[in-house]
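Scrolling down, you'll hit the structures one after another.
The two complexes that follow have subunit A in common; it is paired with subunit B in the first and with subunit C in the second.
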Partner chain A sequence: MKSGRIFYTILFIFVFTSLLIVVGVVTSLTVTSYPIFSRDGLSFIFKSTWNPVKEDYGILPALLGTLITSAIAISISTPLAISLAVFSIEIVPSKFRAFINNISDLMASLPSVIYGLWGLYVLAPILHQYVMMPLHHYLGFIPLFSTKPIPTNLFTAGVLLAIMIIPFASSVIREVYNAVPYYLKEAAYSLGMTKWEAIKTMLGYIKSAIFAGIFLALGRAMGETMAVAMVVGNTFTFPKSLFDMGYTISSLIANQFPNAEAYNYMIPALYGGALILFIVGLTINLAGLYWIKKVMIKS
Partner chain B sequence: MKMKANTKLVLITIVVIAVLVSIFALSSWQTPTQQTTATYTATTKTTPTPTTIQLSGMINGAGATFLNPQMQAWASKFYELTGGRIQVNYQSIGSGAGQAKFREGVLDFAGSDPPLKADIYNEFKDKGGIIQFPVVIGTIVIVHNIPTVESEKLKLTGEVVAKIYLGEIIYWDDPVIKALNPELNLPHEKIIAVHRSDGSGTTRVFTAYLAKVSKNWKDKVGSDFTVAWPVDQLGNGVGGKGNEGVAAAVKQNLYSIGYVETAYAYEVGLKVALIQNRDGNYVLPTREAVESAAKALVTVLPRAYEDWSHIFPDETVDAPGKESYPITSFSFVILRQVYDDPVKVAILKEFFQWVLTEGQKDVNIVKGYEPLPPEVSMIGLEGLKLLRTT
Partner chain C sequence: MNKRKVIEKIMLGVISSLAIISAIPIFAIIINIYSEGARHLTLNFLIDLPPPPVSGKSGGIGPALVGSLILTSLAVAIGGSIGFFTGLYLSEFSHTRLAHYTQIFLQIMVEFPTIIIGLFAYMVLVAPLKRFNALAGAFALSIVIIPYIALNVREAYRSIPYTLKEAAFSLGVSAPIAYLRILLSTARRGVLTALLIGMAKAAGETAPLLLTILGTTFTYFGGLDQPINAIPLLIYNFALSPYERWHQVAWGAAAVLLTITLMIFIISRLVVREVKV
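Presenting the complex of A and B:
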């Protein structure tokens, strides 16, 4: 009885602490960003200007940049992450499985500044020469590719983010895939399914976990600062194509925070950006959860 | 039912407490506590310099990243010279943050690219005043990446550079640039204008220069740590994070132009452009050109205890003189005039006197910086006399 009470007390303290942290973050974001919202109202979100000389701030281009780069990252990384997970379980001989998984986990733990430098010096020039220039040359009539690209832009940032988040999504999917009851697989094969059909069935079975892995990765993509700041081009403009340079909210914070204290409204503006990012992230996650629930109930 | 209401109540209480705690934490975080870190022992020893009392202790400064390598070099050399008596700590957190922390009173001194803004200067005036003085000189060069043009061949005027960043000159073979460089083979290619994306003292000085030579720039853009670059709106601008980001962008983009700290340009092997000074000559940031600019400014520069915000960098860029390099910048140290602790005053005086005299000798100057001419060092040396205790 007594040990039970101690256990529940400790549990309560931990729950309280994590709740305290979340509420604390939201409160400090709200309190610190209050001046910019009380001065500019919602136009802070819909203006596209970043002019410290006039203390005029609006974060729309950065918000769009965040959404665009994350969308690119997710659409590239999702098929790759699923493939990697399936590959490492179903195809790779068990001798090499641990090796592949270790490599993938190592990728997840690399500091983002390393990805940033690699992205800037290696990935950006390669993408520019072999992907973006041909796309622009042959498909330039499509608005998405209409800007003549330079190596650092939204697309480069999106691809770099995709590479960074693959291991996150992949490891979640891998774990869940492994946890699928074995009799399901046996049943699939006993029905005469091919390997490909069996894999499809298994993936259908863990659909919701795949979405969970993708949302985890999305959160990381939206919040990435340093690596994106190095390759996104950092121009505060309204993006018109994937090859335009741009900004993301996180990279804006990384770029502007060091000297922000020299201004009266820049710190509130940056915190305001962070708050918006928080809200957008939360909304996407909630929408995702809702959607998963619907999908789950249906199937 | 009762159970459910209870759980709700508990949850609400938790949230309320969490909000209160975090508001409290936030407000206490914003009112910093006064720190005194100098632990000292005043001892008299028989040493080669017997007349002075040998003080020991530690002083803490922070601020400009540009100043960091030089300040670390000075600090370690001084630590060595004093046999470990005096330790100077310097954290490179950015000029803006350095000034803010100094204002809060947590630092003994601040390093900064620009001097204090006027309102902060006035605020300190009522609290015993401050002194601020240059400790070293830095220069900014215009770099480019035109394959057909070698380094130190392209000639530019400040006004042309301003027009490029304004987006008014778009191609390298613009008649205005051609007229300055009749002997060069300039291609019909769009100029990609690279700038810093992070707030920086380098941008502050560079834009001050553009504002001084171009009225259009002054009216439309102005000068600050970060500005709204008109060329970005045309899609021809790129932001690089830090000097390394700008350097990488210039290297990767053919037909680009950019501005970086001089040491960086030569280290990375970027092509440097000649720039026209006020007297009409095309110059490079050589030791002589920098010295000439600094000497020309001596009459303009205020005393250490005065307000520098209207002088630097807006008045100090584009200095007169036949050889002067126009985009020359000082790095400042900012001190309070009044400290509670007499030992701290003595240590600050001893260290910065050394910085302004012995510290300016070539052996103590890190590559990429230029020493102050004696006339400019005098500003700081005179200023240090004002340091006192309450």
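Presenting the complex of A and C:
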């Protein structure tokens, strides 16, 4: 029985280590960012300056950059993710279903730096020439498209993020769609519905799970760092249009951290940004997880 | 009636084309990366030091490849053992309060932006040592992969039929033998998949490395307390550099990284397929 006791002790130690890490991460963010919050208070969040020489930091532009890029990503990826999920379940012949799902899983497991490299040298020039320039040329009077675009900007980052989060949203939707009781589908067809009408009914039934999947994907989009840092332009300006170069909080950290040690308050400022990103992301993820749980229990 | 048929045709067409559009990028990425990077894939490219930025000299990604191998193995060793035992606990003691909270914490951890984990590792291992170092990078990568491994190991142990678990314990063996020898041999494919997923994550993760190993070094391994390079970080640094020669190296390195990712992905699929038969 002695080896049993040792085993359980080891088990407990490892489980506690996992817990400790989460606590440690949150603590290190809070403690390290304390100086900037105690000096500037909440104005740190609502200022738009990044002036290391004067030790004056405010992260509003980066926060807006995070929100703008993830909003673009979500609006593009939602219809695509739903279509991909429905396509793999309802439309594609069952022989190819595993193939489609494998493709989707592969998309989810590609390193983000590969997306970044491809985004920088392939996607950005294409978007610039065929999407952004025409939009700016014909619809430039709308403030959203008013900046004369260069290839790397908030819009490019948003599109790249959309591509990256499709598989996540789509796999959540796929899972819930498959969990819908079969009699519901049978009932739909027995009423004489067409396939599209049946799909519509099914999607209506799992509406909140779709929201949940989108929320989880949104959390991903907000935290994504490398791919965004490569295509967002890395310029600290208050974003006025989608075609402005900008920053997101995570790309600000990636880009500014290497020279942060030279200044007194830059490290606290970057940790402060990370803390805010963490809180926003956590809220969104918990909401998503809560929704999914509710739906899974219902069905 | 006809109108409904027409609408059905149109909508199914729209869904299919949107689905196909969303799958185009992955094919484009694979094709672009191999068409730009495949010609660099020689043995020397894998071994040599990076070339100087402005000269026609040949060079490679040797130090970064060595660094990636070291960091990934360390991360799988550390993160793998913590993740494995955590997952085992979550599956076999799921009724406890500790398991309940650990589960929630792990769900949160999966969704952590990885750069935040880098900031944590910086405070724990870089700031005290006053130097970017390999150990901090391995530490950060371990944390990144713990939740993936734990949640997958949990699934692997959970999928063992209850009767089999009862049978194992009715043999009168101690808990470690029951869990780690008898039941592990049943769950081994699931556990292996979990480790492979963790390995793929660790090999491709970049953000936390930026804050822990810096990656500007051009030397091979110099000790765990020294800076080190890694393939993903080299791709990032070289792709954003102003030198055309280094962009070429970045594409070559991306082809290497993509090959590693694809290989791990295919192996893990084969493992899963066998377990289902």
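Here is the rule we go by: the second predicted complex is superposed on the first by the 257 of 299 C-alpha atoms of A that agree within 3 Å, B and C clash if a C-alpha of one lies under 4 Å from a C-alpha of the other, contacts with A are read in each partner's own complex, and residues count from 1 in each chain.
Definition applied: a residue touches a chain if its C-beta (ideal position, glycine included) is under 8 Å from a C-beta of that chain, and two chains touch if they have at least 3 such contacts.
These numbers come from a predicted model, not from an experiment.
By the touch criterion stated above, A:Phe96 is placed in contact with neither subunit B nor subunit C. Judged by the touch definition given at the top, the superposed model places A:Ser83 against subunit C, while subunit B stays out of reach.
Taking subunit A as the reference chain, the count of touched residues is higher for C when subunit B and subunit C are set side by side. Touch criterion met: A:Ala262 reaches subunit B, while subunit C stays clear of it. When both complexes are overlaid on chain A, the residue A:Leu19 reaches subunit B and subunit C alike.
By the document's definition of touching, of the two partners only subunit B reaches A:Pro125; subunit C does not.
In the superposition on chain A, A:Met230 makes contact with both subunit B and subunit C. Applying the stated contact rule after C-alpha superposition, one finds that A:Ser3 touches subunit C and leaves subunit B untouched. Once chain A of one complex is fitted onto chain A of the other, the partner contacts of A:Tyr189 are absent, as it touches neither subunit B nor subunit C.
Within the superposed three-chain model, A:Thr49 lies in touch with subunit B and out of touch with subunit C [touch as defined at top].
Residues common to the contacts of subunit A with subunit B and with subunit C across the two structures: 19, 24, 28, 32, 120-121, 229-230, 254, 258. If you check the complex, the residues on subunit C that touch subunit A are 4-5, 7-8, 11-12, 14-16, 18-19, 21-23, 25-26, 28-29, 32-33, 36, 81-86, 88-89, 98-99, 101-102, 105-109, 111-117, 119-120, 123-124, 143, 146-147, 150, 174-177, 179, 197, 200-201, 203-207, 210-211, 214, 232-233, 235-236, 239-240, 247, 250-251, 254, 257-258, 261-262, 265, 269. By the touch criterion given at the top, residues 14-15, 17-19, 21-23, 25-26, 65, 93-97, 99-100, 117, 192, 197-200, 221-229, 232-233, 235, 237-241, 245, 248-249, 252-253 of subunit B touch subunit A in their complex.
Contact residues on subunit A toward subunit B in their complex (touch as defined above): 16, 19-20, 23-24, 27-28, 31-32, 49-54, 120-121, 124-125, 128, 147, 150-152, 229-230, 233-237, 244-245, 254-256, 258-263. The residues of subunit A lying in touch with subunit C in their complex are 1, 3-4, 6-8, 10-12, 14-15, 17-19, 21-22, 24-25, 28-29, 32, 77, 79-81, 83-84, 86-88, 91, 100, 102-107, 109-118, 120-123, 163, 166, 170, 194-197, 199, 216, 219-220, 222-226, 229-230, 250, 253-254, 257-258, 270-271, 274, 277-278, 281-282, 285-286, 289.
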